[in-house]
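As written, the chain order gives the labels A, B, C and D, with residue 1 at the start of each chain.
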Amino acid sequence: MSYRRDFTVQFGQCDPAGIVFYPRYFEMLNAMVEAFFAEALGYSFARIHIEEGCGVPTAHLDVDFHAPSRLGEVLTFTLTVRRIGGSSATFETLVTCGAEKRLTVRQVIVWTGPGLKPARWPKSLADALAAHLEEAP
Amino acid sequence: MSYRRDFTVQFGQCDPAGIVFYPRYFEMLNAMVEAFFAEALGYSFARIHIEEGCGVPTAHLDVDFHAPSRLGEVLTFTLTVRRIGGSSATFETLVTCGAEKRLTVRQVIVWTGPGLKPARWPKSLADALAAHLEEAP
Amino acid sequence: MSYRRDFTVQFGQCDPAGIVFYPRYFEMLNAMVEAFFAEALGYSFARIHIEEGCGVPTAHLDVDFHAPSRLGEVLTFTLTVRRIGGSSATFETLVTCGAEKRLTVRQVIVWTGPGLKPARWPKSLADALAAHLEEAP
Amino acid sequence: MSYRRDFTVQFGQCDPAGIVFYPRYFEMLNAMVEAFFAEALGYSFARIHIEEGCGVPTAHLDVDFHAPSRLGEVLTFTLTVRRIGGSSATFETLVTCGAEKRLTVRQVIVWTGPGLKPARWPKSLADALAAHLEEAP
């Protein structure tokens, strides 16, 4: 079961060429992952970072930019969990505008405990992630 | 008639003190003004900047920060048009979290034509702005 | 005695109109204030925020944007301390490009102790700030 | 021959965990690539984007985050050209703090002409890039 969210490309996210400045995609991606944790997994970033002193840093990113995105376009981010490890997980996020592919992101995140050290997923999170697991075809 | 929009404070908008890094408020404010133009005035930033080669740069900002905002809080931005000039306008935006005031922004924007020179508001925009005018009490 | 620092306008700081997106000026301004504390006052933000759990949030901003700035231009930020209070200070920062004024910022910052509550300036900081005080003519 | 540049981690680039929010690394990376073009290749982004209406968008990114970076640390970005194609090039950028590796980025950029279409590298740029080519061991 994928998780989906739309982002309208804002003026301040575009560069002098009139297209999205690519670091802004990662701001959107992080907002997307943050919303996925809060809404789909029931575990907000405020809880993870502030209350529990834990974290979910990104360990690896592999990104293909297929086509540029323009001011005012509505981008759909679709996140699928591709792998769940003991203390990590692989997310694949496809960004589209209508039928057009814009970028594909493969991202490995790691669960960290105090001191930013990798730690085992809390049981409830591992279970919640498992419900979104969909191995690549 | 005020225009209102909510923003959830994201992880990437907060600093090591766990509160919103103030330049991020201006990113939200610009997204707010952009949405106000598109939704309330019927004039998108894509149309203004890309199709017409015009602009609405900010000429003046006066901001009071009343209290900090934290990760995960929902901030309500309420924009009121306070003054409409020949080629400028004054917006007042109040940012609240529930009953708490967080910041108040007074902002003068200017309509610019080609070459970034101030120009008279297009008639349809001036009329649309007038419908949102509410002089300060 | 003013404190000065140059910033070259980067591609990612410009908008589709090819000029600096104004929230990026505040990122530069904060980097400027941060460098002023570290280099001119001998008190780094790492020390303030991480080691001491204190802060210097901005309480008020008053900004005049005189003219737009373009990709590749070198902007000079010149900061002068205009007022030192018990737990606050007023900075004036003039941003120029060669002989041209781009923006003028008046900014009130506040020293905060644990829990983000305003507190009296540490003696060494108050003294260091005083050395940069230059009242407006 | 590698190209090198230092970045001090700023307050506004760190998240509530006190470490660099990863999209900020890409802002630094783009500033790095921009400086590489201007200083090492003699071809500024203002010339590419504004004067010539061309571009150098990123088509692919592959990033390993080895360890987090903290407020005030000085990061050294070292860029090496790994491959030059007809209209693309592969850059490898290693980010270190002293002897510690923080991230490794492999990035494919593409030269685009009007309309954002891939085009052959201008001769002078291809030659300048070749002087920085250093195939992976």
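Rule of thumb we're sticking to: a contact is a pair of C-beta atoms (placed from the backbone, for glycine too) under 8 Å apart; a residue touches a chain by one contact, two chains touch by 3 or more.
Keep in mind that this is a model prediction, so the values were computed, not measured.
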item	value
Any chain in contact with chain C as well as chain D	A, B
Interface sides of chain A and chain D: same vs different residues, half threshold	same
C-alpha-based rotation, chain B on chain C, 0 to 180 degrees, nearest 5	180
Chain A and chain D, separation of their C-alpha mean positions in angstrom	23
Geometric centre distance via CA averages, chain C-chain A, whole Å	34
Residues of chain B touching at least two other chains	11-12, 15-18, 21, 23, 27, 30, 49-50, 71
Residue ranges of chain B in contact with chain A within the complex	10-12, 18, 27, 30-31, 34, 38, 44-46, 49-50, 70-72
Of all residues in chain C, those that touch chain A in their complex	11-12, 14-18, 21, 23, 71
Contact footprint of chain A on chain D as seen in their complex	15-17, 19, 21-24, 26-27, 30, 49-50, 55, 57-65, 68, 116
